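Some structures to go through are shown next.
Note that subunit A is present in both complexes that follow, paired respectively with subunit B and with subunit C.
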Partner chain A sequence: MNIKSKFKEHYWPSFKKLVNKLTVQTKPVRTHTLSNGIVVIEPFSKTPLILFILLILSVIAWEATNVNLTYLFTRFGNFFDILRRMTSPRWAYWRNVIQPMLDTIQMSFLGSLIGALLALPVAFLSANNITKNRVVLGTTRFILSLVRTLPVLVYAAILALAFGFGVFAGTVAIAFFTFGILSKMMYENIETIDLGAYTAIEATGSNKPKAFVTAVFPQIMPSYLSYSLYSFEINIRYAAILGYVGAGGIGLLFDDRMAWRRYEDVAVLIVMLFIVVFTIENLSRYLRKRLS
Partner chain B sequence: MIKFEKVGKIYPNGVEALKNVSLEVKQGEFVAIIGLSGAGKSTLIKLINKMHGVTSGTLTVNDIKVDKELKGKRLRSFRRQIGMVFQSFNLIGRTSVIRNVLAARVAEMSFIQSLFGIYSKADKIKALEALDKVGILEKAYSRAEQLSGGQQQRVALARTIAQDPSIILADEPVASLDPITANQVMKDFARVNKDLNITVIANMHHVDMALKYAKRVVGIRDGEVIYDGPAKNVNENLLKEIYGRDITDEDIMFKDDEHQI
Partner chain C sequence: MEKKLTVQEMYEQHPKRYIAVITTILVLGGMTIWSATSIRWPSINPAGVAIVRTIFRSLLEPNRDWLFTLRPIGIPKQMFETVSIAFLGTILGAILALPLAFLSSRNITGRFYSFIGILSVTLIRTFPVFVLGLMFVRVTGPGPFAGVMTIGLASIGMMTKLYVESIEDIDKGVIEALDATGATTLQKIRYGIIPQLSANFISNSIYRFEINVRNATILGLVGAGGIGSTLIWAMAAYRWKDAAAALWGIIVVVLVIEFISTKIRKSLASSDS
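And now, the complex of A and B:
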């Protein structure tokens, strides 16, 4: 049964009912008469219409992706089976995890650092209150959109082919990703700041880059550091799966252990990843709190 | 010396801000420019350091022609001789007072030095001395945003002094201050003008402040200079002509005389 016929049969009656209800409810224009005789007409609310459109889209998405609830329940047992096997981790495996884990942290840290450093000058060129040249503005923003198009996993896959499998490809992939999001966040941040001080420094005869680092840096620095730390936090999680496409780190181990169905080793991996992510997240949160 | 010769300014949106302005300001003068808002006061000041370019006529500042040819490196080194003070102070709020003053030295430094905020000992002493000249030395290591409006405007003046300018342009320097503080800041301007022989050109909306501190007054109406002469010769009738109406309370900072210092 295709979507169209199914839609007619199952959903059309309820759809009709809903439309009736919506129209009946909105037909009499709502007015309020005040004590002094002024009549205020309440404007038509768009909320029911939006909810209705969302509902239709959800139904289409449900049908198009073949979500099968019964399948979810019948196969749920397998999930518990794997989970049960994970309850007896092979702790001795931890020695094998240390080095790839350090690789993962290193990829994430270096990648975030390089990306964050590159993001600042580009943010300067992409902020429309600093850069008045439309060509420069358009070019940098277009490049930024391009950079942001690809997910980090795709970067890693491409770079692993270019630079060989390993940590280097992962680091560059994370740098690209961080650069893409951070430069956008920063130029939007720069566009909201007060440019008075920048104008004042420019009026002393300084060039734009020097006026920028002197007058704008102090204003954007706290949010810049905070965003950078936050990217590092996110990147740790991304770095953990980059190994799947050959870019080094503990993703390689995940791939390998799952393929061999060694769930007792996977359990060790998950526990160690949890500890690392948890520690870094809290450290980063602490630092960001100190910054604000 | 600043010399306007039949200078006109038309903005890209077609507004004619200045018409046929001829003026000559000698080194060390204190000139107040008065007029209604929108009369062209701000434009006149911003032409001098080429924040805006002139449309017609010639403008010469310290023997340098301020025209289309003045740009890039030459424009920047030209601007170093001219300090500017703004109505809204335009300080870098998140940094210390001394760093704000030192920011005036950035023009002379390398990019790397300014990136990491590496200032020379000589520059630091110069900045502290500038703060001392406006009587705010004890605030040198406070954060700029914690200062009151009057104090912030003094820091802005110190920043300008640290630049070693021969001219200071002030765009409504006291308009956002209360009357008492405004008087103190104007006194600082007067002292700097006298002690350091720096030319001061200030836009002033408040007539009483302009007449009190400037020796020379330029009255502008609809982009044209209609009075240029000593402050003491300015009378009620002249003001009426400049403002196109009677002087109201809004044009005067001190509403009654007993508050005068």
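And now, the complex of A and C:
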């Protein structure tokens, strides 16, 4: 008898019994008799078990992060002190913000564009209804998920060290990030489309890329443009912090002003960032609505 | 009677969107030129290429002393701290987002109060994560505790938005039916509202937890705990093997959490419908 079947016959049932004992059997099955004589069994609820696990995890995390409530309550006034100073912004500071803000917008625009352009062919390669080769599929998907795991800031830090501090590092970092998420969104999108037209065109003797352009492109174009706009939208927020690692944009100013405790200037920065993000988000939302 | 069209005529009738296409190309092209010309392109210098090569090489041979040790400096300990920050932060954010979400839902509080709710959420969302982090570091002192508070506040925006969506989708028929059976308000909430929302809420929270783990990996940069500080200090000192160890820690943990979160959310979605 090999190990697998032995496991299945001997250990698995007893393991199952143990799990049942721990979860279901600890609580007697509750039944209710209705007025017309029908007996209803109350379904077993996993909620207490889940809550208990969450509680244990919270306690562990609580210990690991040195949460100290008394400290928080006695010193929380500081937080509101900072906020209060932010309510009287030093508006004259706006002149210093314009250029870095433009840098931030350019950085996220160009980064999103490059990332989006690179994402399309890779999405094509990693969609399981178009690429049948499992090796290609697995490799591209694995690389994509590796690219996605690292935060933009890490890319920006590495690139800034390698190619000098400035907007270039930020642009490439954002391109990387956009490429990672957009490829995933796009291959998931391509997998849902109707491939009838694609097969039909292939059957007329056209080659794969041609069939792809005529049959698949029109179907994915609206969502591709809409996802690209969406990533541009979120990239503005990311681009705003890249300056922390020296990758250009207004992050540099945030870092500087916070370090000098000039919260009046930070408030100006936040307001201006808000205006830019708000405008771009609404513009992009409007365009995306038109696209769909 | 409509005339039957030939293929040629049908093709001629396809929607023509020349104006839209040309404007899009002009706008995109203009913005590209504007952005590309104002960026100072560095000449790809051999030093930079050498650094990139070193980074890739050290990714293959990270500092093993850090990767497999339980000492405080070790990567496992620090990733544990990072995940703990994200976990507590998510719970804090979920709890804070709950009342805000009910306040911002139009079908619960009406137009005026929901506007106030949405406005306050927008205000909170305006603060970049890092600014919040720096503010909390000044309140609680540097350390993971500041990270928990930062992640908690930073999660409010998205969680509220997702909660509001599911609250506004509530099926009122269930509540009316409970009303007809003579249920009290508490019973209506317990049997009419909570079951409709719980799956969605849990799924959203898990999704946000996934994002928070990524965010927590970089909070160390502002002194708010987690693996970020190790990573940044190692990189700033060009100790690439130590940085690579931290990067591997992040990659493995994020991948594992993404996998588990997708699994749970999929099973929630299927049990939901």
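Here is the rule we go by: the second predicted complex is superposed on the first by the 239 of 292 C-alpha atoms of A that agree within 3 Å, B and C clash if a C-alpha of one lies under 4 Å from a C-alpha of the other, contacts with A are read in each partner's own complex, and residues count from 1 in each chain.
The working rule: a contact is a pair of C-beta atoms (placed from the backbone, for glycine too) under 8 Å apart; a residue touches a chain by one contact, two chains touch by 3 or more.
These figures come from a predicted structure and were not determined experimentally.
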**Prompt:** Should the superposition on subunit A be reported as showing a clash between subunit B and subunit C, or a fit?
**Reply:** clash
**Request:** Identify the partner contact of A:196: answer first if only subunit B is touched, second if only subunit C is, both if each is, neither if none is.
**Result:** first
**Request:** Classify the contacts of A:219 with the two partner chains as first (subunit B alone), second (subunit C alone), both, or neither.
**Result:** first
**Prompt:** Can A:145 be said to touch subunit B (first), subunit C (second), both, or neither?
**Reply:** second
**Message:** After superposing on the shared chain, does subunit C or subunit B touch more subunit A residues?
**Reply:** C
**Asked** If you stack the two complexes on chain A, which partner ends up touching A:209: first (subunit B), second (subunit C), both, or neither?
**Response** first
**Request:** Could you list which residues of subunit A make contact with subunit B in one structure and with subunit C in the other?
**Result:** none
**Asked** In their shared complex, at which residues does subunit A touch subunit C?
**Response** 54, 57-58, 60-62, 64-68, 71-72, 75-76, 78-79, 82, 102-103, 106-107, 109-110, 113, 145-146, 149-151, 153-154, 157-158, 161-164, 166-168, 171, 237, 240-241, 244-245, 251, 254, 258, 266, 270, 273-274, 277
**Asked** Considering the complex alone, what residue numbers of subunit B touch subunit A?
**Response** 49, 51, 75-84, 86, 88-95, 99-100, 103-104, 106-107, 109, 111, 114-115, 117, 156, 159, 163
**Prompt:** For subunit C, which residues are in contact with subunit A within the complex?
**Reply:** 28, 31-32, 34-36, 38-42, 44-45, 48-49, 51-52, 55, 80-81, 83-85, 87-88, 91, 126-131, 134-136, 138-140, 143-145, 147-149, 214-215, 217-218, 221-222, 225, 231-232, 235-236, 238, 247, 250-251, 254-255, 258
**Asked** Where on subunit A does subunit B make contact in their complex?
**Response** 194, 196-197, 199-201, 203-207, 209-211, 213-215, 218-219, 221-222
